[in-house]
Amino acid sequence: MGIERHLNDTVHVTNLEWLVNWSRKSSMWPLGFGLACCALEMIATFVSRYDLARFGMEVARPSPRHADLMIVSGTASKKMLPAILRIYEQMAEPKWVIAMGACACTGGIYKNYAVVQGIDRHLPVDVYIPGCPPRPEALMDGILQLHAKVMKEQSLHNPPIPKIRSAG
Amino acid sequence: MINSYLPILVIFLVSAFIGVAIIVLSTVVARRNPTPVKLMPYECGMDPIGSARRRFSVRFFVIGMLFIVFDIELIFLFPWAAIYDKLMLFGFVEMLVFVLVLLVGLIYVWKKGALQWE
Amino acid sequence: MPVTESLELNLGPHHPSTHGVFRAVVELDGEIVVNATPHLGYLHRGFEKTCENKHYHQVIPLAERCDYMGASSNSLVYCLTVEKLLGVEAPERAQVIRVMMAELSRIFSHLFWMGTHAHDVGAMTPLFYMLREREEIMNLFELTAGGRLMPNYLRIGGLIRDLEDGFVERLRAFTDHFDRRVDEYEELLTKNAIYMDRTMGVGILSKEDAIALGASGPMARASGINWDIRKSEPYSGYEQYDFDVPVETGCDVYSRYLVRIAEMRQSRRILVQTLEKLPAGPIRASKPGVIFPPQEEIYTKMESLIHHFMLVVEGLKPPVGEVYQCIESPRGELGAYLISDGGPQPYRLKWRAPAFVNLESLGRMSKGCFFADLIAILSSIDIVLAEVDR
Amino acid sequence: MKQEEIQEKLSTAFSSEVIQAVDEFQGQIYVTVAQEKIREVCLFLKNDPDLAFDFLSFVGAVDKYPKKPRFEVVYQVYSLKRNHRFRIKALVDETEEASASIDSVVSVWPTADWHERETAEMFGINFNGHPDPRKLLLPEHWEAHPLRKDFSALGNDQDTPDLPPRVRN
């Protein structure tokens, strides 16, 4: 973050960093971004039975401006790829990506001309969730892994921002 | 005399401080990564067609104006409803007159067809 | 008349109310839609090309992902097509369980449609009601073959395994209280003045247009066409069940809603009849060398093991020929046109997707309506993008 | 009407060089029609009172790669009034100079619009007289016809790139 330029490392910032990570983790807003069948399991996870609201994630805004987490749930076809990259670019930092389902992780059962063989060829993915479609418990486990990862981030030491080939 | 207005002043200062603090903090502390794609208007993941600064149909403004008029009316109702039990019949009749005046405005607008889109 | 510039807008692939990655470039004059041209293909996964490299029994999971809302009706149409190619008939018990799965997936699909359609028109509560019912049906699907959304329970010649013992009781419990649940939905929407204003007279598709544009299923029945493939060309034992086909003549979004709600009630009636009729018996046809032998026989009999091994390694070798078989999926006439050249892989599989064809009438229905009505019309067609783009 | 009666009615209505072949499999009869006469046959199928094929299920194509008349365009029709189905085919060939082409039947059944657009981009058959021959499912910048037998299922980076060219440089 910008603040440690003023502190120039005289003060150890773990506690502030813990606070920053904790606040980011506990109110991470997912982007309502459903591509294919995994989207239905994502919706089932948002709603009352599996209830993502307990992790502070009940606001699934469609606009990338209000989202921190992009769950790529479904098959990323080659025609849709420019749109996915555009939406990822238009999300504000800090942002994370979860590749949900076999199709997003590795192209899954569609090993052919029309499907991107894994979204990590174009996006920096934080958590991969196997399954076709993964059960809601699997998605929640993936989200908890992401929360653990966010807690360990050195967010105050200006971590490098991943560059992607812009779809501009 | 002065101290009866003190709470209002305190509320005003605190709210102003919080508003300004959020804006200042986010400009100083937040991290900037403006890429041309990020600053482009968001249009469902596609290239925006045409520019957003276009001449809009005038009907949008008519509906906008109507909304503001009746919204202000609503704002006046709030403080009145808050101390409704202290105001005897006078307060009630006073507000009734206010609402009736605006009702006449509503009927006029309805008959002129400003609420219909065509 | 002052000249007005029309505004072009992207109802893009990433939009909350396009039910997936559908894109339409909408030309607007103020709030009135002048022209909506759909752009498809954002979920094109090369299904038909991938099938040409798979063995016959490997295509079933692919087919189910083609329409993830009513997954079992997809595997049903594919299995019926291959069985017609082979000239094999599934045994009685398998046919009844297949009807059970098809009707459950019809309710499953109509529920999701009703929830999201009401959400598009502005009513938020039906969405949570219907997700509660869908969780119950997902529990039932789990009991069949383990999958929540796409159970993958049907095989060529019948089913993969028999019903779990708790399945029949849970299905009976579901059918008992499902009618009250549909009444709840009707209380929310049918007589709701706002819903009626928003949907009556919106998205008119006349009977002639519906036939000319190839609309089938609830889209056709809401325009007065009394055509249901379960009645006109019964398959998998549908002639033994008595249910009636809801037909409305309103031709608008409201009558499509009425048709789908009535279809949910009829599907429940069929489910009750399948529960009464459920006969005992084998769950897979026995045709050595063509259909997989039963699981327990593989461990005991030598020829079954050989047949199983040959089928898995070399795959099924059907006679040369071509077949077209269609069923009544939740969206309409779902057909599979299969050509076989005697090899282990389908030579060509053409998938007649009802959502793809119903979507053609969007342009004609949405001319001159409000932009908000365009969203209501789009959701009344009940599109599933995996089926539209294949 | 039964499949045989439909087939007889067609054979009597059209001469033998129009109805080239009649085949049957598992009770479903399908007739191969001359490519030039396809619109006439379709009009006859639709307007004849006994046949009344007012509903077109789909227009598809099959690539029989090594064989010489390479493509088969398949029309599956259904009659709502008479509740019977029928299938007709047209053989279309692709030579070096002329690419495969056939008349469009959008004038007969308006639903054929998208079916033909999809078949055109998947096989490279162009339909003459089609009102709106744009690409439907594939990305605009692709030139390949994926459903052809000589096109590998995995695609390659030239014909089916991940990103449009403008973005990659």
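Letters are used for the chains, namely A, B, C and D, taken in the order the chains are written, and counting of residues starts over at 1 for each.
Note that a contact is a pair of C-beta atoms (placed from the backbone, for glycine too) under 8 Å apart; a residue touches a chain by one contact, two chains touch by 3 or more.
Since this is a predicted model, take the numbers as computed values, not measurements.
Peer 1: Between C-D and A-B, name the chain pair that shares the greater number of C-beta pairs in contact.
Peer 2: By number of C-beta pairs in contact, C-D is the larger.
Peer 1: Express in whole angstrom the distance between the two chain centres, defined as the mean CA positions of subunit C and subunit D.
Peer 2: 25
Peer 1: Between subunit B and subunit D, what distance separates the C-alpha centroids? Give it in angstrom.
Peer 2: Subunit B and subunit D have C-alpha centres separated by 58 Å.
Peer 1: Could you put a whole-Å number on the gap between the CA centroids of subunit A and subunit B?
Peer 2: So the centroids are 34 Å from each other.
Peer 1: Can you work out the whole-Å distance between the CA centroids of subunit B and subunit C?
Peer 2: Roughly 46 Å, centre to centre.
Peer 1: Enumerate the residues of subunit A that touch no fewer than two other chains.
Peer 2: In subunit A, 79, 82-83, 87, 111-114, 166-168 touch at least two other chains.
Peer 1: Spell out, as numbers or ranges, the residues of subunit C touching 2 or more other chains.
Peer 2: Subunit C, residues with two or more chain partners: 12-15, 41, 44, 46, 49-50, 389.
Peer 1: Can you pull out the residues of subunit D that are in contact with at least two other chains?
Peer 2: As it turns out, subunit D has residues touching two or more other chains at 137-139, 146, 153.
Peer 1: Using the definition of touching given at the top, classify the network of chains in this structure as line, ring, star, complete or other.
Peer 2: Topology of the interface graph: other, matching no listed pattern.
Peer 1: Write out all the pairs of touching chains, ordered by chain label.
Peer 2: Applying the touch rule to all chain pairs gives A-B, A-C, A-D, B-C, C-D.
Peer 1: Enumerate the contact residues on subunit A facing subunit B in the complex.
Peer 2: Residues 1-3, 63-65, 82-84, 86-87, 89-90, 92-93, 158, 161, 166-168.
Peer 1: Can you list the residues on subunit D that touch subunit C in the complex?
Peer 2: 25-26, 28, 30, 54-58, 60, 62-63, 74, 76, 78, 80, 83, 85, 87, 109-111, 113-115, 135-139, 146-147, 153
Peer 1: Touching subunit B in the complex: which residues of subunit C?
Peer 2: 4-5, 7-15, 23, 25, 29-32, 370
Peer 1: Which residues, counting only subunit D, touch subunit A once they are in their complex?
Peer 2: Answer in residue numbers: 137-139, 144, 146, 151-155, 159-164, 167-168.
Peer 1: Touching residues of subunit C toward subunit D in the complex: what are they?
Peer 2: Within the complex, subunit C contacts subunit D at residues 40-41, 44, 46, 48-50, 52-53, 84-85, 87, 211-214, 216, 225, 227, 232-233, 321-324, 326, 333, 335, 337, 339, 347-348, 350, 352, 356-357, 359-360, 389-390.
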